[in-house]
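Quick heads-up: structures coming right below.
Here chain A shows up in two complexes: once beside chain B, once beside chain C.
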Partner chain A sequence: MGDMFRSEKMALCQLFIQPEAAYASIAELGEKGCVQFRDLNEEVSAFQRKYVNEVRRCDDMERRLRYVESEMKKDEVKLPVLRPEEEPIAPNPREIVDLEAQLEKTDNELREMSANGASLDANFRHMQELKYVLENTEGFFSDQEVINLDVNRKLDPEDPANLPGAAQRGQLAFVAGVIKLERFFSFERMLWRISRGNIFLRRADIDGLVADEETGRPVLKTVFVAFFQGEQLKQRIKKVCTGYHAAVYPCPSSHAERKEMIKDVNVRLEDLKLVLSQSADHRSRVLNSASKHLPRWSIMVRKMKAIYHILNFFNPDVTGKCLIGEGWVPTNDISTVQDALARASKISESSIPAFMNVIETNEMPPTYTRTNKFTNGFQNLVDSYGMASYREVNPALYACITFPFLFAVMFGDLGHGLILLLFASWLIIKEKQLSSIKEEIFNIFFGGRYIIFLMGIFSIYTGFIYNDVFSKSMNIFGSAWHMNYTRDVVEDENLKYITLRPNDTVYKTYPFGMDPIWQLADNKIIFLNTFKMKLSIIVGVIHMIFGVSMSVVNFAYYKKYASIFLEFLPQVLFLLLLFGYMVFMMFFKWVVYNDTVEGPLSPACAPSILILFINMILQGSQDTPEPCKEFMFDGQKSIQQVFVVVAIICIPWMLLGKPLYIMIKRKTNGAPPPKPQSGGGEGHGEDDEMGEIFIHQAIHTIEYVLSTVSHTASYLRLWALSLAHAQLSEVLWNMVFSMGFKYDSYIGGILIYVFFGAWALLTVGILVLIEGLSAFLHTLRLHWVEFMSKFYEGAGYAFEPFAFKTILDVSEDD
Partner chain B sequence: MGAAFFPVLFFTALWGGVGIAMPIMTPKGPHQNLIRCILMLTAACCWLFWLCCYMAQMNPLIGPKLKRDVVAMIGRSWNNPIVAG
Partner chain C sequence: MDKHVAFMVITVFWLLFAIIGFLVSYRYEERGLIRCCVILTAVCCYLAWMVTFVMQLNPLTGPRAKQKIILGMITYWPRSIIHDEKDP
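Now for the complex of A and B:
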């Protein structure tokens, strides 16, 4: 059997590699992605492994790369996106030294520039604040001129009347600085307290935002000047300024000196601007130069680190001349691995080629199913439920069709299916462009684009069968029903409804799909419900029989032939004799009962299959009026009794068959008389195991019998969701879009446009997206629980090969 | 009995072709068996679905219940004239 029917054969391989060729060998295997290495040094801690120093060097390089990348993000330098063909291979050890030196140089250069830049920025800020102080205090001092604040101004000896006051006022001192606006008010209150009100404080806000020295965030700041008397008060004020992180700046009291200082500060600011600009240019050049190489460097370092990580799994040979590694390899890929090893030996010019042995083992191999972009989505659905046991039958193969088909049975509408098809086609046609999008929800849709594509196609098909296009029908082949009433009857005002009878002799079944007349009928739901319920049970029972049959394939493969007779046979008999028989009754009723005859086969006498089935199980009966008969055909009662008896026999058959077989088999194998001591122990173990086996089989049997009943009922969701979907679609049409048809002239045209927009939005939003998701989840449950529980063990673990592609994808997600 | 031989034969032959003939003609390749399985399952599912719908309408036990204006409209539009008289 070919693709996907069961997981790949896996071989446990032992690799013998020369140490000098080891790096290149693992590099080649990483590109291929065919080997899942086993850690042969689990008991060795990470710090005691052979290549711990190399891993540390890679960590160091990664740290430098992250630093450079963060600096690029700060400066908004764009990194080029590597195309897959541009991706570099793992560097060889000689290239590693060069790469390390290059990274170190770039890293150091950037760090130095950052430190210098920070220093220059701080200087720049200080100069700016000083400038603000000098400019804003000009007003303060001009105001104070009249009180003769300037201590340098000589007193006029000719005016003796002012001498005492002038002398006293001349002793006023001041402190000028910059403080955050948010702190100014508490700062002001503190100054008042320490000086007991003997202080004069003036303030001027700095326009715009200034970068805060501590956090770098923009803040509002204000210039202040405090006038006071006495040296002691000056010391206190300076302490308060320090406590409030206010920057105090020297400020000459004379106007001329201030002018001179402002000029000097401006010159220095211009110089600093020039230096800052040149530094920024240089930094930009360095970052742009590094950005050309950074993606390649990142990939190279990651590959390097991954290689050394794998090499740490290896064991040195006792002679120290080669490294021994073990790993799982798909059998079909053994030649690929051998070719990779040969190529690596050639590259590293190793004298002795690496080689690989296949080891026999009883361990269960990992499960690996080879998929392509089409089957990958379906395989993911199955793996979400449980990873298949090794070489177990893979339900994903059949889910490729049964999944979209069951979805379509629920979702069936030609218009909605077309929407799904168009959306999926867009995803598939734009596959290459869209595959680079990293948004999570979009990726879920994109990963399932082939599932959506098939769901769309099958929904179109079931839309044809249901004859449902946005809740409207198409009349392609001509309705089977004829208007055999006269005009008088049709025009009779007293009649509200006219019911056509199927006993028309010219009635011919509508050949493909549902007759369009039912869309116009008021008893549409009654008719469609009987059809869809039967359809659900028919599809469901066949699906379950198919699932139970899969267990034969598993039993045959694992050579558990006894289970075919002891487990599969009673299971399938139970299912067929009860529910398969129910399906038969459905088809029989469709064929035999009709409206063209009188008597037992007329519609009035058609029995309810559900009641028949219940009476079959419970050995009940019901009275039927003449000329009707209780049973569909002669001898049905006897047949049903036989079926029920056999089905009941199947239950202990499932329950006891396998444990008894195992018990007998063990007794046969245990025929030689054991020693008394070991005999006792053996008996004890055997008793426990037999008890466990009986309990396990009892649970399994109960689960199967009960689940056969409940799963059959569970498939009725196919009818329920189909009904809900069709009715919602009809409600949208009747209550939204039809509203636009009720008006005339130009207003009518405008309203149709408006209502169509609303109807279209609701159709896509509710019927396609929400109803589609609902149908999807129900389909998923029908596969996981109703179908796969019949045969699927799902006790395996996934094959996770050492592959650079996987490692790089994971790194990108981080 | 409203069933006719032609539709049954036609659709059975159609899906039989998809499910039997096309798998036989599938060209050899790495995905030959996958394609065969897909064709057979598609044919089986679609044929079964069509068959159930067809059989459900072969001998309908109830007829459609229509409003009088619907009957008149059908008589006019569907080439299904009302009997005169």
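Now for the complex of A and C:
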């Protein structure tokens, strides 16, 4: 594959396909995934397209598949996971009929079994409840007979007034049934009210949970028997039972009949249990056999539907003998597409082979950048800002290194970088296993594993440069500073601190990274701030110059050669003469000024770069005491004046150069008459008004000039984030981990263990995760705004090829 | 003399890193990508090192340290000595 410097060349292709070969052709192209079809029937509604019936059939099959899948989920049948090589290709039209019939058969079978199962379940529940009623009412009737005997026994046979009452009391009626326990108490009160207390209600709870008829959820139920007198009351009681959804069951009053009925119910329960068991077995077998095929069927149906959807984009030829389609194809893949079409023609035994033409067009092609698993993360970062215009320079290529590098400048710590590196290495080593995880937040980290990997490596490197390991320094090469004072001075009890003077205490330069003495110094922050600010500006200015230079590559490619002289040159001059010069002053100061000489080049006379720069712009000056000089070198004032004048000239150069050039060119060409724009074309056509061109260029110029100043200041965030990160790390060490070192004996050991745990947790949670995210976002902004705004147009649209892989991935996410 | 040696060693290292990486990239299909990454890595890392080195080449200020730190340096770091000569 080619590199990522530009997006791929794209060609607009016209396909001529025989109708009988159309299905197979689109199937082949769907497997390849390198054609983005255009809809040639945009004005036709979905219901009027050629293959609407086929799409409906696929919808129907999809609905059946969803039903079968939901039934499997109910029964917790596991679906086999298809490996990529097991994935079926799109079925040919003859297989579609078989598949449709098979799906219909399975679907109908399951629906029928569901309906039968429901009625069988209901029957089973009723029988069970009847059994509960018969068993539990045994006690009720025994009790009732005792009560009756008592009543009879108390009556005086001699008393003639009581004889009719005694006869009536012996004729008590009853209603037996089952009700939910939670409803029983209000049910009881209602019965008391309607009977004015002339009712005798007994209940016995059913052990365990019983499935509720309406919802299917397990609930507690209770058996009840209501004894009463009179037929009228019976009707009322039954109505109340109906209102409370209490199931009423027939129940003979004699013991012998109840026994007989229990026996009968038990037999029927056994029969029902057997039938239910066999039904469940059968259902399980059907589902298991279907589950073996369901993943394949799902994929086949989705591919089928996608194919017909694409075929609806095609136009029939006027003769009706072939279908015409149009689509964008990467130029490098044209031969792949032609091979796929030839293969499809052979498969479908078409007499005339399908063929493809490349059409010339003025339309803007889609942007397609070929990536691999390493570059995919960086490309996504750039595409989030804007899709590159067609064949525009791709900043993602350079972001592969500049992004982790700028992150590391902010995050620089050897220990924290090592944590990032280990985490990313784990993600990369376990790539295959982890790629099947679908959790969203994890997928963000997993998708960026190579970014994290490089961020870790570069952070380790800048950890060496800053000499920072969890806020401690390493003394590998020996510090360049050493003590050079007498014993009396050093051992003086009144001594608080010593400020080492470079002249007599420095004997070399620490060869790699920051000298470890600064980690121990009280004025560390002041010193490191000046260093990191300058490093930020230097990196920032170089990054911006690089960005502006990219615009030359774009101008050359799009053959806008005039823009090189009229836009790029003033832009880069402006940037170099002001901020490039500031960088030069930084290096000059570092190299020339030193503590080994007296006079104008001594540390006391070293001027502030910022004040020099401000005075340069504002033509100011400042008093300098002898023997110091205001300027760093002879003639600096004149040079600075020239630079400022040229930089100021660059502004109208940017502002007026291009519009005037366009104006002159139009006059030279004789001002062609305005034409209606067709096909869009590039942004600035010949017919734009001159006023609009001037306004656009003015906005562009103002934006560039102001942003050069503000973006330079914006790169100081590299220093700010780095300072914050280092100080947080030091605070964690001093206020958390160091606490464990203050105790003696074994207690100290235990406390160190505890404090280390807290320190480690906070280090990972705050310094690596939160600070890492912060540095990541700031790096992202430095790339999107500070770097890419120098050259990036980002006005393209993404190439979205017709690919089964993409369709299936999207379906899985749903 | 030490500083010149250090400067030359590091400069040559990153130069060789870039050159060797450039040559090795021809073995791979994605040579453009590899070449770009290698050279950019060399440039970025060299720049970070070079700024740090040049900044410490001629220090204008020195560290200020407490007595405890000074005694620690004298004890543990070589070339840090106590002598009886007059202060400079």
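Couple of notes before you dig in:
What we mean here is this: the second predicted complex is superposed on the first by the 775 of 814 C-alpha atoms of A that agree within 3 Å, B and C clash if a C-alpha of one lies under 4 Å from a C-alpha of the other, contacts with A are read in each partner's own complex, and residues count from 1 in each chain.
Throughout what follows, contacts are C-beta pairs under 8 Å (C-beta built on N, C-alpha and C of every residue); 3 or more make two chains touch, one makes a residue touch a chain.
A quick note: this is a predicted structure, and the numbers were derived from the prediction, not measured.
With both structures placed on the common chain, the touch criterion links A:508 to chain B and to chain C. Of the two partner chains, neither chain B nor chain C is touched by A:42.
Residue contacts after overlaying the shared chain place A:349 against neither chain B nor chain C.
Contacts of A:634 after superposition: neither chain B nor chain C is touched. Counting contacts by the rule stated earlier, residues 1-5, 372, 375, 397-398, 400-402, 405, 409, 461-462, 465, 475, 478-487, 490, 495-502, 507-515, 517-518, 520-524, 527, 531, 534-535, 538-539, 542, 587, 590-596, 603, 606 of chain A appear in both its interface with chain B and its interface with chain C.
Those residues of chain A that touch chain B in the shared complex are 1-5, 372, 375, 397-398, 400-402, 405, 409, 461-462, 465-466, 475, 478-488, 490-492, 495-502, 507-515, 517-518, 520-524, 526-527, 530-531, 534-535, 538-539, 542, 587, 590-596, 603, 606. Looking at the complex, you find that chain A touches chain C at residues 1-5, 372, 375, 397-398, 400-402, 405, 409, 458, 461-462, 465, 475, 478-487, 489-490, 495-515, 517-518, 520-524, 527, 531, 534-535, 538-539, 542, 587, 590-596, 603, 606.
Within the complex formed with chain A, the residues of chain B that make contact are 1-4, 6-7, 10-11, 30-34, 37-38, 41-42, 45-46, 48-50, 52-68, 70-72, 74-75, 78-85.
For chain C in complex with chain A, the touching residues are 2-3, 6, 9-10, 29-33, 36-37, 40-41, 44-45, 47-49, 51-67, 69-74, 77-88.
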